[in-house]
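Pasting the structures in now, so scroll down.
The same chain A turns up in both complexes below, where it pairs with chain B and then with chain C.
So, the complex of A and B:
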């Protein structure tokens, strides 16, 4: 892409995210969300493939509708309470509408249908931005209004998301769709704890962004778009495939990797809130996610397939792997021992 | 690539582009000043479709039977889902290099395909399909007639085609094929020397792209011997309503709906094609990603 155009889009994304995160007025929050939506559309449809254009159209329609709902909920709250402060969203109907609007923005069930398709239509780096950076502004809005949101609704959305994210990811053969369902599943974990301890939501988000960035960048360096390509990636970057195994298990939430930390803390908080059955249900449902992470790891590392591929793109990597992958991978695997320190700084 | 070659007007299987819209006929008097589509119904086009509520058959027993079939389909789908991608075990998905998609051995195999010709726009070609000798192949035969129907609109005519029925899951949901493991189409055919077009339709979500078709040509030899034709997916080019597009893109194999064969080589006369099977192949020696416009279009000056 033209470097100047890329600069404009990346700068717009940063601008939009910053505006939303730092706003106290609902209109500014909405502005930031809209800027984000518009700025990422060219990044999704960069290749102009009909499927990429379809993905961009779906993204635009859902995000625009969700932004309109955000504005509507803030407007009804302003009508009833006379102010537009984000943290003072007190009218119950506004809270309900806001929750569903943010659920649409994030991709929580039952508003998740756009997410796998959009991720499948976009390139891997844009998929990374969609899964991590684009989730931060809506999450901050939920964070700021978390004291007035309806816990029951959020718990239901969260359990459904974990269930469907796990269940629908089971039979996918395209890696981007698998990562989309993993994102939906993790969003469920983030949503379930937001009314009880919002800081754990943010911790979960940060660690999820770290691990997902590692996985996306690893897949991007090997140009892996489907499982059969993943099988033959070990010949190109053997140590990277080995680290991918550990990163995927971390994403699944297995101790002693980092990914276990947010799940442990969330289960602890839910138990303290006298919601032990809920904690059990959500933990059992994330076992489904473990299945497809293990399947990815199986294809990448655990088995050595009998064939190598002759595609030119797979013959050799054109440019050396980004050293950032090494940093992100080591962080996403080894942060669990410093959990006490992390607890003090979140 | 400014190849705006017009293949055949109406070469797309959506023939009868000017079929009257039902809504328009009910608002006829209101819109008589500006007609969006002509109300002329081509001779071969289907007569006005009965509206879906006029088709309602309030039979409780039939409803229960229908529900039972759909639920059994749903049960089968769930069991296939539990087995693995595509209803097979993961090891099969990862290791397979060939797959037979359609094999013509019985009448029910033939029922999975739909034949059509330019009769739907008023032309005179004929096409038939039957099982070949010893039930070993499908025989698609007929006569191509390029005589243009005289309706003042059509400029070209003369095409016949065979297209697979789109897969339908439980409760009439769309099912797509996932051919991402493979990189070529493999056909065992015995033609008569005439060139055929192979069309892949990836049913898009939005209707703006509903005419998008990925096409390539299959040149048959015509001898008494069977031919095994291998067409890599990297060769398929994008066309829409029969017009080759300027922006070319490779076909994405993860969501394919139908495959079709069309003959429209502007030659009057009989044609014949026997197809033994249609399959997929993962040719490890084929390294090409996409055959068209491999150069960088946006080099900085």
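So, the complex of A and C:
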């Protein structure tokens, strides 16, 4: 893409996210969300392939409808209470409409249908932006209104998201779709705790962004778009495949990796709120996700030497691995022992 | 009065329906016109007539006109112009008919100034005028960000349709 155009779009993404995150008036929050939606469209449709165009169309339609619902909810609240403050969303119907609007923006079930197809149609780096940076403004809005939202609705959306994220990811062979369902599943964990302890939602989001950035960047450096490519990707960078195993298990939430921390704290908080059956259900539903993470790890690593293979490591390296992957991978594997310090940061 | 406002609301929804269910963009634009006019009428019923006029001018008089011009240029890339003799003769004939109609209708006398209209009083502070003033003074941040959003829309559309047959709007 033209570098100046790319600069304009990336700068608009930063601008839109900053506007929404730092706003206290609903109109500014809506403006930021719209700028984000517009600016990411050319990044999704960069390759001009029909699948990419379809992904851009689907993204635009769902996000525009969700922004309209955000506007309706804020206007209903302004009509009934006379003010536009984001933290003062008191009218119950406004809270309901806002919850469904943010669920559409994030990709929570039952508004998740656009997410795998959009992620499949976009390049891996744009997919990374869609999964991490584009989730932050809607999550911020949910965070700011969390004290007035309906807990039952959010818990139902969360459990359905974890269930469908795990179940629908099982039959996938394309890595981008697997990562989309992984994202839906993690969003379920984020949504379940937001009315009880919103800081845990943010902690879960930050650690999820860290781990999924590692996975996306690893897959981008090995140009792995499907499982069969993942099987032979070790010949290009064997150590990267080995680290991918640990990162994927961290993403699945296995101790002693970082990914266990948010799940642990969320289960503890749910138990404190006298919701132990809910905590059990959501943990069991995460086991479905564990299966496809294990399948990815098997394809990446468990077929490595020393047992017999019919490939050897390639002698040439096209381009060295991005050092950022090393930093992100180290963080996403080893942050669990400093968990008390992490809690003081968020 | 209430029924008329509700009728305007119905027209707005039907116009939106017309846009969404259009068989082609040429007919979809008709729905946009109906929806915009109904929206303007609703704004007038709320009392903010200035904003309603701004909406009509910018939406129907600006964006819709640009759309119609681009569509007609795409349909007829080499149109006839004024200097073609057939067009000049046509224009003269039409002008003659208009003049005869004005004189016969007595409108020309009215235009020449026979009566004096009573002065209309404007309210000293109107919400929509002062709202626009705030938009340029205290609310200049929203003006800049809104302007950037619109400019960004232009860039996005240009980037999406760039490339003719290799771009996004190709027949696949």
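Please note the rule applied: the second predicted complex is superposed on the first by the 331 of 346 C-alpha atoms of A that agree within 3 Å, B and C clash if a C-alpha of one lies under 4 Å from a C-alpha of the other, contacts with A are read in each partner's own complex, and residues count from 1 in each chain.
Everything that follows uses one rule, which is that a residue touches a chain if its C-beta (ideal position, glycine included) is under 8 Å from a C-beta of that chain, and two chains touch if they have at least 3 such contacts.
As the structure is a prediction and not an experimental result, all values here were calculated from the model.
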Considering only touches as defined above, state whether A:39 meets chain B (first), chain C (second), both or neither.
-> second
Looking at the overlay, what does A:281 touch: chain B (first), chain C (second), both, or neither?
-> neither
Does the superposition put A:346 against chain B (first), chain C (second), both, or neither?
-> neither
Would you check which partner chain A:174 touches, where first means chain B only, second means chain C only, and both and neither mean what they say?
-> first
Based on the superposed arrangement, let me know which partner A:51 touches: chain B (first), chain C (second), both, or neither?
-> first
Counting only touches as set out at the top, which of chain B and chain C does A:19 meet: first, second, both, neither?
-> second
Would you sort A:9 into first (chain B), second (chain C), both or neither based on which partner it touches?
-> second
In the superposed arrangement, which partner chain does A:228 touch: chain B (first), chain C (second), both, or neither?
-> first
State whether A:28 touches chain B only (first), chain C only (second), both chains, or neither.
-> second
Could you give the residue numbers on chain A that contact chain B in one complex and chain C in the other?
-> 1-2, 48, 50, 53
Contact footprint of chain A on chain C as seen in their complex = 142, 145-146, 148-149, 152-153, 155-156, 159-160, 163, 166-168, 170, 172
Any idea which chain B residues touch chain A in the complex?
-> 81, 84-85, 90, 93-95, 178, 180-181, 202, 204-206, 209, 212, 238, 247, 249-250, 252, 254-255, 284-287, 289, 298, 300
Listed in rising order, the residues of chain A that touch chain C in the complex are 1-2, 5, 8-9, 12, 15, 19, 27-28, 31, 34-35, 38-39, 41-42, 45, 48, 50, 53, 56
Note which residues of chain A are touching chain B in the complex, please.
-> 1-2, 47-51, 53-54, 57-58, 117, 120, 170-174, 226-228, 231, 295, 299, 305-307, 309-313
